[in-house]
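Chain lettering (A, B, C, D and E) follows the sequence in which the chains are written, and residue indices restart at 1 in each chain.
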Amino acid sequence: MTMFYILLVFILTGLLTLFLGPIKVLRNIVALLGYLAGSALFIYNIKPGLIYSLNIRVYNIHFESGFSTVFFGIIILAVFLIFLLASFHEENDGAYYLFAFLTLTGAIGVLFAKDLISFFFLFETMSLFSFLMVLKGKNKNSPKSAFKYLVWSVFGGYAFLFGTFLKVYTTHSVMIGDISFIGGHIKLLILLLILTPFMVKAALMPFHLWAPDAYSDSKDAFTVFFSGGLSKIGIFGYFIALFKIFTEIASKYPWFLTVIAWLGGITATLAGIYAFMQDDAKKLLAYSSISQLGYVAVGFGIYTHYSVVAAFFHALGHAVYESLLFLVVAGVYYRVKTTDLRKMGGLIKKMPLSFIGLLFGIIATSGIPPTIGFPSKWLLYEAVIMKGDLLLTSLVFFASITAFLYSYKLVHSIFLGKLHKEHRDVKEAPLGYATGIILLLIPLFVLGVAPGIAVKHIDYIIRFYLKPELGYNLTTMTTPLGHVNFPVVGIVMVSMFVLSLIIYFIFGSTYKADQTDNYTATEAISDDFELHYAGEFYGFMRKAFGRPLKWSFEKLLNAFLKLFAFIGEIARGFYMGDARVYLFYLVLFFSLLAYLMGGKL
Amino acid sequence: MVSPILVIALSLFFAFVIPLLGMLSKKLPRWVPPISILVNLLILLSNMDKISGGAMLITTAGIKPPIAINLAIDRFGFLFALLIQTVGFLLSIYYLAQDTKDERFYMLFLLNILGASGIVMTGDLFNSFVFLEILEISSFGLVAVQKDKKSLEGAFKYMMIGAIGSSLYLLGIIVLYLSTGSLNMADIARLMPNIPDSIKLFAGLLFLIGIGVEVELFPLNAWAPDAYEGAQDSISTQLSSIISKAGIYLAARIFFTIFNGFYALEVVLYLGIITFIIAELAALMQKNVKRMLAYSSIGQMGLLLFVFALISKRADIFIFTTIILLALNHAFGKGLLFLSLGALTGGTREYYIDSLKGSGKSNVLAGLLFTMGAFTILGMPFFFGFWSKISALISIMKAGYVYLIGLVLLVSLFEIYYYGRVIVNIFSGEGKAQKTGFIYASIMVIFALFIIAFGVWPHPVFSFAHKAAVALFERTTYITSIMGGM
Amino acid sequence: MIRKIVAFIFAFYFGFILYSFIYTHFPFGERPLKGVAAHYVEKGVQEEGATNIVTSIVTLYRGFDTLGEVTVLFLAATGLGLLLAGWKEEEKEKPEPTLIMETTTKYLFPLVLLFGSYIFIHGHLTPGGGFPAGVVIATGYFMMFIAQKEFKPSEYLLSATESFAGTLYVITGLLGLALAFSFLANVAPLGVPNTVFSAGIIPIIYIIIGFKVGSEMTGILQHMKEV
Amino acid sequence: MNAGHLFYGSSVFLMVMGVFIALTGKHLIKILLGIDLFDVGLNLLIISFGYVNGGTAPIFSRYPHVFKNVVDPVPQALVLTAIVIGVAEIAMGLAIVMRIKEKFGTCNISKLKELKW
Amino acid sequence: MHSLILFMVLGLSLVLVVATLVIWLSKDLLVAILASAIVSLIASIFFLVLQAPDVAITEAAIGAGLTTGILLYAMKIAGRYEDD
């Protein structure tokens, strides 16, 4: 029953923090201790292949742990630690931790669910309490964003529920099990319905509309967990739906997979373009997160052994570097109280550790060795090329370019350039953030150099479903296209970087310039004059892409909503008469029914 | 052994005694409803073990049925009686804290509870009509008690439809009496096979209208938004948690036990889903939150009736378990919603969504409780609504309407939309600080505790509801336990 | 106009359905007594001792209904009082009653009350009973309201009578529960049919009802008069 | 001439006119009159159902001489109840109407339009 | 039923029809209320004819007497004429 104990520990911790009320320190300590107890239980006791069950009158609830449970569980728990570290420094109250821990409970519980109803229960738990977390968010917009998030995630949840019932109806089993033997095309409908909430959670276009707002308007610490941790449930869902529920998707409906891959590619590209047009650091990162999750969908869509390994690895990498980036931004926000890129700049000397974190974060995002971003991108590119879909390939490559663009914007606008006057007394981000950054930098490099640690585990997850094609050991991988040794690549990359630095320092004609004296040309300006090139950053890009992007899915949705509102108005008209009209309904009803019964009377 | 008939007799006694007490002291009358309902609850609970299998027979006038009126309490009725008394008790505590000047209000309130419990306890058809009238007339009075424009208009509309509806209900009773020579429910149910189909059809139609008014069935529910909106918050709670539940009981008793699922249920099947869809659509763009809750209430009742009518497609106890769960969820959830809405407005009766802006921030408790109520109605996990919603969907699936699940869920999405809009609105912006009184707050908390306790550990409720469903389902046992061997 | 035509069509369609149904299924006057009705007619007098079968049905066999019915009336009186309480009174010119009216009603009033009492006392023997009796009494008061300008029965007394009668009714019922294990059981001796002191508790109940209905109806009239 | 047509006819006519007046009346009291009419018609209908050809009233004034052919006493008992309930309903309705007149200043039903939004 | 009674009933039902028409058409509520009292009175006669003396008495007292009384009181407040 370990699994229940784990969930119970989390729930009780949440409740305890609720009742501890006003004492913040105590609350933080309790939260940390509860978290540690729960995750220790998880790490030491949860092995693949455990089975639990629970009986609530008519519902027999079944749970099971698999390799995927452990894999995603560890990712989510790790990201939650980062969230806790960051939230020590945030304004929080009892309910804050309660909702966070219940979200965690849902997220961990989902990984164990063996039947679809309990899956839905825990999934909805997660959605619900993360909604409340967003609702408690940091600014005036957060209720609105939370609303959007709620509607979208419940939409997904209900689709899942409908799919569940269709599945139960056709297969007479509520377990997560194969549906590919069902006759007719209903199985595709079931798959699509079951996949919907995961596409929503993983913010696959066109289900991404909630994500930028919800990510950017929730509290900074929670965004770390929201983006880094909860989106993994979406990935887990891809896995459940495509491998456990519809096992023969590749042979029955290959075009469906192609659609998913394409959606992933489009998501990666469009979200990348949106990202570098943002002026808000968290919005930018939100789009970047969506873009990266698009790659994961591409990996699943290609549906070969190494593409799926790439997808899983990319999910892992996403957890690491998106958490890192959001954490850094959270730390910066803690000090400068803004996330508007136009109002920051030159913080490099004030917050060096954050700068390092952000720098390696964006390096990983761009997929440069020796960071964690490289192996997955490399595998994914190979998979796309192997598939032979040139258009998709170019789309994915183009997406990588956008990643460079927004990464540069981020690092430049926050840390480089001229320091703003009001930020002169800014200090390094406090202990919690710093610890988090250091903790995240470790896997960032370790897994980048030795991806085998994770790939081995991933291989266990999927080797049952797909023919193993990928050869690997701790530091190398072998695909049909070739062989790569990650430490070597990393060393080459680092040495090239060092080499070019040396060349730059030796041969470049440089002089040491003050942060304030760039861009000044000939004019002498005072210290107070704000000079920072971030206002119209990539303005030309906005000109190029802005107009076509204006037509959005959101507008279509709003049109739909208007239609429903119109129908609603008509329905409401029914209830707007006076008493005589209501009586008339009664008489009409009687007459109509009597007429319909007609001769039988 | 305490006879359950005392529930009715003592309530009446207490109601009659209120004016006498009012002459002694102005403070005494307000204590009568809580005491009376508490006594009722104790009486009911003391009889809990005695009710098993079929129905518990309590004669009046010392003569066996069908000659004289009798009460027939089976587990199904018992559950509803318990529900009504519990909600009634909480509300009576609420009124204890209110500053109501007129003692007659307490009489009306007590008689309203009495009417509802009479309906769920009686075994006689005409007696149920009398109690229905008690319920309705006291409801008109309670709705109008505010004496402002809205409440008066709502009360008048309710009165007009209610009067004609109950008259038709009476006509239905008479038609059954003429064809069977009996007014006892069990006796009529026993003689039902002898009645020609055409008479059954017509009587079913009349009952459908009479009960349809109470349970807010589609074309007959037009009074409901007006009455809900016009009434004060606690009365709206009463309308949705008590009065419509008594209607549901009556519908189950008449259409299932007596008519044995004949014809009328098929009409209810279609009308139920239509009610659900139309009410939820109407709520979608509603700006007045209270009216929105009223539409939502109608919608939930529609879903409940739809699920109930599925019994005509497939005889399954689970469907009855489901309607009990839905009824319980709706009673507590809607009650909580109306009460917390009242707390959010701070008694100003300004229900427009814009005027509620930020009220959840200044009155956090009420805001959270409103959210909880909304979540249980929406069927969110950890709230009771989850189990009732899942059970409803399972029932629909069992009856073979699996594609309707999609429709139901789509319509539920509207619910999410309009509830979410309100929740978001009350938590954004800044509102005026208005604290709720301790008693008011604790009543709402008790409602919420019911919801959460049932939601976190539904096992006891499930088994209780299951037993009640069995009692309703086995109509021959009901008949034999009243009428003796067959 | 269109509204009227549509209403006309549907109302008459409703009537047509109703009429054709009842006329085919329940032909007038040809239905033999069966079920409970037959039992009441055959055994009613032996069982309850009242020669007026309707009375014994109303007060005993279906006495529980009557209790409910009294409650409904009580409810109406209460609700009316609640709704009309605190009416802002406007001084209106009330027409002066003529001398003839004033004098006749003064002498007629006791007679009306006596007549009412007669009806409820003989409820188990002759047509009538508590309800019409109470209403007759109330009508007497109504007459006084119209004819006497200063006539005003004590509201206190009315309310007390009403409450007291109501509680007595319930207590009578509870007496049955205590003595015969059944609410409203006929525990008093039945006596010889067709005499005033017969039929057990029926006269008692009818007297109570008479008082109760009388005071309630008078209360209703008084409330309506006073606004 | 058929007595059935007469009694059933007049009672159904009363019910129909009651509904019709309630549907078309403008003054609230007139609508209540319609409901009252409906109730009277219904009561008459119920009593007509109970009539037995050649039957006498169920009052055995010459007991123990019992008439074999009496009309059905049950509908009469029910109608007694129904009449009282009807008047209670009307009284309650009138109280509401009086208050409406006070608050709205009119008793025209088409002018009661507070509850729409 | 005796045919003489039936003729009386027929006559009374004609009055009944007229009375209901008066209720419908009359703009003066006083007339309408009195017409409804007449309807109640005729109904009570019908009850008597149908061998229901208890009901007849009750209907005469309540329907024709009391209801008319409270209707008149209410009319005093609510206004005597329709279309006001």
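Note that a residue touches a chain if its C-beta (ideal position, glycine included) is under 8 Å from a C-beta of that chain, and two chains touch if they have at least 3 such contacts.
It should be emphasised that the depicted structure is a prediction, and the values quoted were computed from it without experimental measurement.
Chains making contact with subunit A as well as with subunit D: B, C.
Within the contact network of the assembly, the step distance from subunit C to subunit E comes to 1.
When chain centres are taken as C-alpha averages, the shortest distance to the whole-protein C-alpha average belongs to B.
Averaging C-alpha coordinates per chain places the centre of subunit A 74 Å away from that of subunit C. Taking each chain's centre as the mean of its C-alpha atoms, subunit A lies 77 Å from subunit E. Look at where the CA atoms of subunit A average out and do the same for subunit B: the two points lie 44 Å apart.
In this assembly, the C-alpha centroid of subunit B lies 38 Å from the C-alpha centroid of subunit E.
Taken residue by residue, subunit C touches two or more other chains at 7, 10-11, 14, 21, 26, 29, 31, 33, 36-37, 40, 52, 54, 62, 65, 68-69, 72, 75-76, 79, 83, 127, 129, 131, 220, 224, 227, whereas all remaining positions touch fewer.
Within subunit D, contacts with two or more other chains are made by residues 3, 7, 9, 13, 17, 19-20, 22-25, 28, 31, 45, 48-49, 51, 53, 55, 57-59, 70, 74-76, 80-81, 83-85, 87-89, 91-92, 94-100, 102, 112. The multi-chain contact residues of subunit E, meaning those touching 2 or more other chains, are 1, 52-54, 58, 62, 66, 70, 73-74, 77.
Pairs of chains in mutual contact: A-B, A-C, A-D, B-C, B-D, C-D, C-E, D-E. Per the touch definition, subunit E reaches subunit D in the complex via residues 1, 3, 6, 9-10, 13, 16-17, 20, 23-24, 29, 32-33, 36, 39-40, 43, 46-47, 50-55, 58-59, 62-63, 66-67, 70-71, 73-75, 77-79, 82-84.
Subunit B meets subunit A in the complex at residues 156-157, 160-161, 164-165, 168, 197-198, 201-202, 205, 208-209, 212-213, 219-220, 222-223, 225-226, 267, 278-279, 281-286, 295, 318, 321, 371, 375, 378, 380-382, 386, 390-391, 393-394, 397, 402, 405-406, 409-410, 412-414, 416-417, 420-421, 423-425, 427-429, 458-459, 462-463, 466. Within the complex, the subunit C residues that touch subunit A are 6-7, 10-11, 13-14, 17, 20-21. Note for the complex: subunit C touches subunit D at residues 3-4, 7-8, 10-12, 14-15, 18-19, 22-23, 26-33, 36-37, 40-42, 44-45, 51-54, 57-58, 62, 65-66, 68-69, 72-73, 75-77, 79-80, 83-84, 87-88, 125-127, 129, 131, 193-194, 213, 220, 223-224, 227.
Taken together, the subunit A residues at the contact with subunit C in this complex read 584, 587-588, 590-591, 594-595, 601.
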